[in-house]
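For clarity, chains are labelled A, B and C in written order, and residue numbers in each chain start from 1.
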Amino acid sequence: MTPLLNLSAICKSFHGVAALEGVSFDLRAGEVHALVGENGAGKSTLIKVVTGAHRPDAGTLEVSGRVVAHNDPVAARALGIAAIYQQPALFADLSVAENIALGLERGGAWRWIDWRGRRARARSLLARIGADIDPDAEVRSLAMPEQQLVEIARALGADAKILVMDEPTASLTEREVDNLFRVIRELRLHGVGIVYISHRLDELFQIADRVTVLRDGCTVATRLITEVDHAELIRLMVGREIASVFPKQTVPLGDLVLELRNVGCRASGVNGIHLTVRAGEILGLAGLAGAGRTELARCIFGLTPADQGEIRLRAQAVSIRTPGDAVALGIAYVPEDRRRHGVILEMPVAVNTTLAILPKLTHFGFFDFRRERSLAEMFVQRLGIKTASIDAAVGDLSGGNQQKVALARWLATEPAVLILDEPTQGIDVGAKAEIHRLMGELAGRGLAILMISSELLEILGMSDRIAVLRGGTIVGTLDRADATQEKVLALALGHALSTEATPGRQIQT
Amino acid sequence: MSPPASPNPDRSRGRRVLGTHDLILVVLLAIEVAVFSSYVDTFRTVENGFEVLRYSVVVGLLALVMTPVIVTGGIDLSVGSLLGLSAVVLGRTWRDLGVPIYLAAVVTVGVGLLAGGLNGLFITRLRIPPLIVTLATFSLFRGLAEGLSPGTSTFPPLPEAFTFLGQGYVFGIIPTQLLLFPFAVVGVWLLLHRTAIGRAWYAIGFSAEAARYAGIPVERRLLLAYVLAGGAAGLAGVIYVSHLGEIKANSGTGYELTAITAVVLGGTSIFGGRGGVPGTLLAVVAIVVLQRGLRMADKPAEWSGILTGLLLLAAVGANQVATKLADRRTIKG
Amino acid sequence: MLLLLLAAAAPTFYAGDKPRAILVSCAPLLVLAAGMTVVILVRHIDISIGSQFALCGVAAGLLARAGLPMPAVGVLTVLLGTAFGAVNGGLVAGLNLPSIVVTLATLFILREGLKWYGEGELIKDIPDSFQWFGLGQGVGQWLTVGVGVVVIVVFALGLRYLAAGRMVYAVGSDAEAARLAGIRPKRVVFGAFVLMGSLTGLAALLNSVCFPDVDPKAGEFLELQVIAAVVVGGVAISGGRGTLIGPAFGVLLLATLGPALVFLHVGAHWDKAFQGAIILLAVAVDGLTLGRRKNVATGLAKP
């Protein structure tokens, strides 16, 4: 039988960096073919080649046995390919109904719009996946999970033969995931082929027929899902055992540095937070997406200032109204969205390094360029930042090195409290281990560290204590000694412990 | 749909004073001077050189302070109107309040600073795009200027001690206001290229949000840029009046567009983050030389506007092509 | 809020034949506002329309003087505007240049080019068939107003009910998402500028037939007036948000202002000051309410 979709020897590079190096992949009608790999392995690039968003440099793409010479989003849609992207590609200013319609309607620019039809169609598609969303709502006003559901509804409406799903469940609740799986099984019966990408390996065993593992832009293996188990998948993805990734050093704890008493912020939904961090301690902040972890960090750092409670630093009540206040008090925040907030991509490494200490590098009004360069050189050495020079734009570095620059900026402030928000998200294994080593070293020098992470292994491996958030507040704190994956998840999900068999948020590697 | 600002490897924004773009402007300027000298004998004389520069001062001041504004990714359409308002404020404080003219000049600059502050507050406090705020104050300031100098009211001749500022010569040859200009240039250059404030302006221009995450007081820095622009417009108004010897509500009409043109022609990106004072300065001189040269060569004055427009298109077009080529090189390599 | 302001000005003032005069003077502005709304909705701007407007007006006058029949004059004028729009659109969409810089340049080129050609003098000796399309003042005025209203209504409906109109919103809201949805953003942007050009030609025609002679200075600072009307009408400068109803009222409001001030004995020279203050006030109110909405949105939609 001819496969529905056949990719062979696909190559694609960006700015001289190879993202795909000869990837082959096939999809049969009526199967769910999972695609797994670490961040940066090339999954997203591969599906963008399928949907025509990227044009491959080499290799062939066949749909139902016919070679597609020229692929773009329009051509792909005509071939019956639809996709759910990892980051919803929705129009924030437009209504839900219109967002769904724009992906589906065909015809010329001068056709009349049937608004009632659009609404009805949106309503029925949303009902099919059990989503209760008003078709007239502006997408801007929707929360992330709802946007994801709109994206799914839109892809379903395409009646595609080939459906690509990139992390469709990343922010969904369990009930919504169940609904989605039910729909996927229906589609499979109708002969639709589904490419399914997920970090939640448990899901694959529920829904997938076959699995293909990508690593560093190459196909490592394609197996029947029944032939592999969890451990083997991870081994294939990582290419080595993962034991050595979290080198936690034990550090003697010092004095109390940061204390939050009943802190809350109405604007961002954080409330009633009590926590303490001591010098040398790493406090892990766990919780599901949307539980309020980043919001708490933004609150401490003055981005959305607290309007309730008291923040105390070294036993002194402090007022933090702006990020500037926080920096002056010795609080540093390495944000989650590195590319948008953590660094300025267009600016050189040196400039990024000193951006938080501009006042300190000013003498009699003038900026000390020499000191900037020596500082930057020092951090490039100390953190092992791989860059052509300190004058290279940060945008030219790899993700891991960008993160190190973001870290360097905050280490340059010589902070007392360091807040790390998803410090290793989207960077490769090697850089990840280095950042973990660094965290240990910093704690050893007496920094109080707050670490937000969605990776349970990272949380469990790095933290001295773990505070779990749900609904904008801390629902429990666990000591390193008695923290387990199950306990953290139970708190995060708000379930009684023993009953929960399939955790919502699983291991990411 | 701003195109992604791709890093330009040729120009490290470190410590170099002149970049590639600036060198192109220098060449352009040289060509202009060469062409006009061959047409007009007196073109390349010292006197004419100073005269050219005298004309540069008013527009130069506006372009100078427009540079930080555009570097932050903003724009100020109101400076031309504010120049007009300043002229009228100067006249009325002097004539109607009986204030000595030099004190009136100080008051005028103060009004300029306040007006700039008004722009800045709307932009930072209410988060309204600068284009819109300054479009509104473009109307408001010009309207106030017209309202405060109803129709036919005339002003008595200005004291000679004052017009000396705009028409006189120091040492018999150097136009007076030209002595002021270098201070302004050096001041803005130092601020933009040699201080933490300037660094903050660039960071804001690339990404205001990321600058905030780095602890930079984004709103205060933006406010400063617009206050500065307002103050300079006030000063430009004073100089304009003393040069012209007359007070008119329509002073400086269209100057905002010339100033913006100079800044963009000087290589500052309209999206913010790139550019600087040397480019702006070269572009101002290039534009003024063009205007003056055409007049001396008895060519229609309109040519300068047409040529400036074409140059502007060529400049941004060349920039775009250069970035694309640079990208292609890195892909191949 | 705009309606309230209008209503406050209205009762004392909408008497006599003033309304008609105001409406006639509004007609070209309405036409321009329709085009500018489309351009701003795709997240661009065109500040060269003042120069285009003046040039098209002069062209219309010259063509009429050359003895062309009125319909031909109209078609050629609109075509000339279309050509200008195509140049702007080509540079912006084709070469990916920032629209504010491109149209700043074309503003200069066209304006100075016109001055060079005509030396700022009125185009006179135009045949009588030109003014009011040769239909006499009464009919001509109503025809002018009618065209303005028809353009606004057609564009308002088109933006809402035509696929092309929705593409404008999609591209302005998120060009990359639009590309993924199979829309070609460059074509849409190009189209917006071409439309702007055609409408500028039409507006210039409507304006020039109001007078016996054509004034080449007619379009000065027109671009800022039109942008102001569109922005006061609630169209977001960041693209993708707003309708044509607001800009239509924006035009009426700003056009009513001058006569209203005269009526209230304030003096016409305060006209611009009030205009500026009103724009500032309108966007400030908008900014305050929108700012609140934004905060709520980020609080909810934080990933």
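Here, a residue touches a chain if its C-beta (ideal position, glycine included) is under 8 Å from a C-beta of that chain, and two chains touch if they have at least 3 such contacts.
Predicted, not measured: the structure shown is a model, and the values here were computed from it.
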By number of contacting C-beta pairs, the most connected chains are B-C
Per mean C-alpha coordinates, the chain lying farthest from subunit B is A
Dist(centroid_CA(subunit A), centroid_CA(subunit B)) in Å evaluates to 44
Taking each chain's mean CA coordinate, subunit B and subunit C are separated, in whole Å, by 28
Per the touch rule above, subunit C residues touching subunit B in the complex are 43-45, 91, 95-98, 100-102, 104-109, 111-113, 115-116, 171, 175, 185, 189, 224, 227-228, 231, 237-238, 267, 269-277, 279-280, 283-284, 286-288, 291
The answer for subunit A against subunit B in the complex is residues 13-16, 303, 322-324, 326-327, 333, 335, 340-348, 350-351, 355-356, 358-359, 361-362, 365-367, 369, 391-393, 395-396, 409
Given the complex, residues on subunit B that touch subunit A span 5-7, 9, 12-15, 190, 194-196, 198-200, 202-203, 206-207, 209-217, 273-274, 327, 330-333
Subunit A partner, complex, touching residues on subunit C are 160-167, 169-170, 172-174, 176-183, 236, 239-241, 295-297, 299-303
Counting only contacts in the complex, subunit B reaches subunit C at residues 1-3, 75, 77, 122, 126-129, 131-133, 135-144, 146-147, 150-151, 257, 260-261, 264, 270-271, 300, 302-306, 308-310, 312-313, 316-317, 320
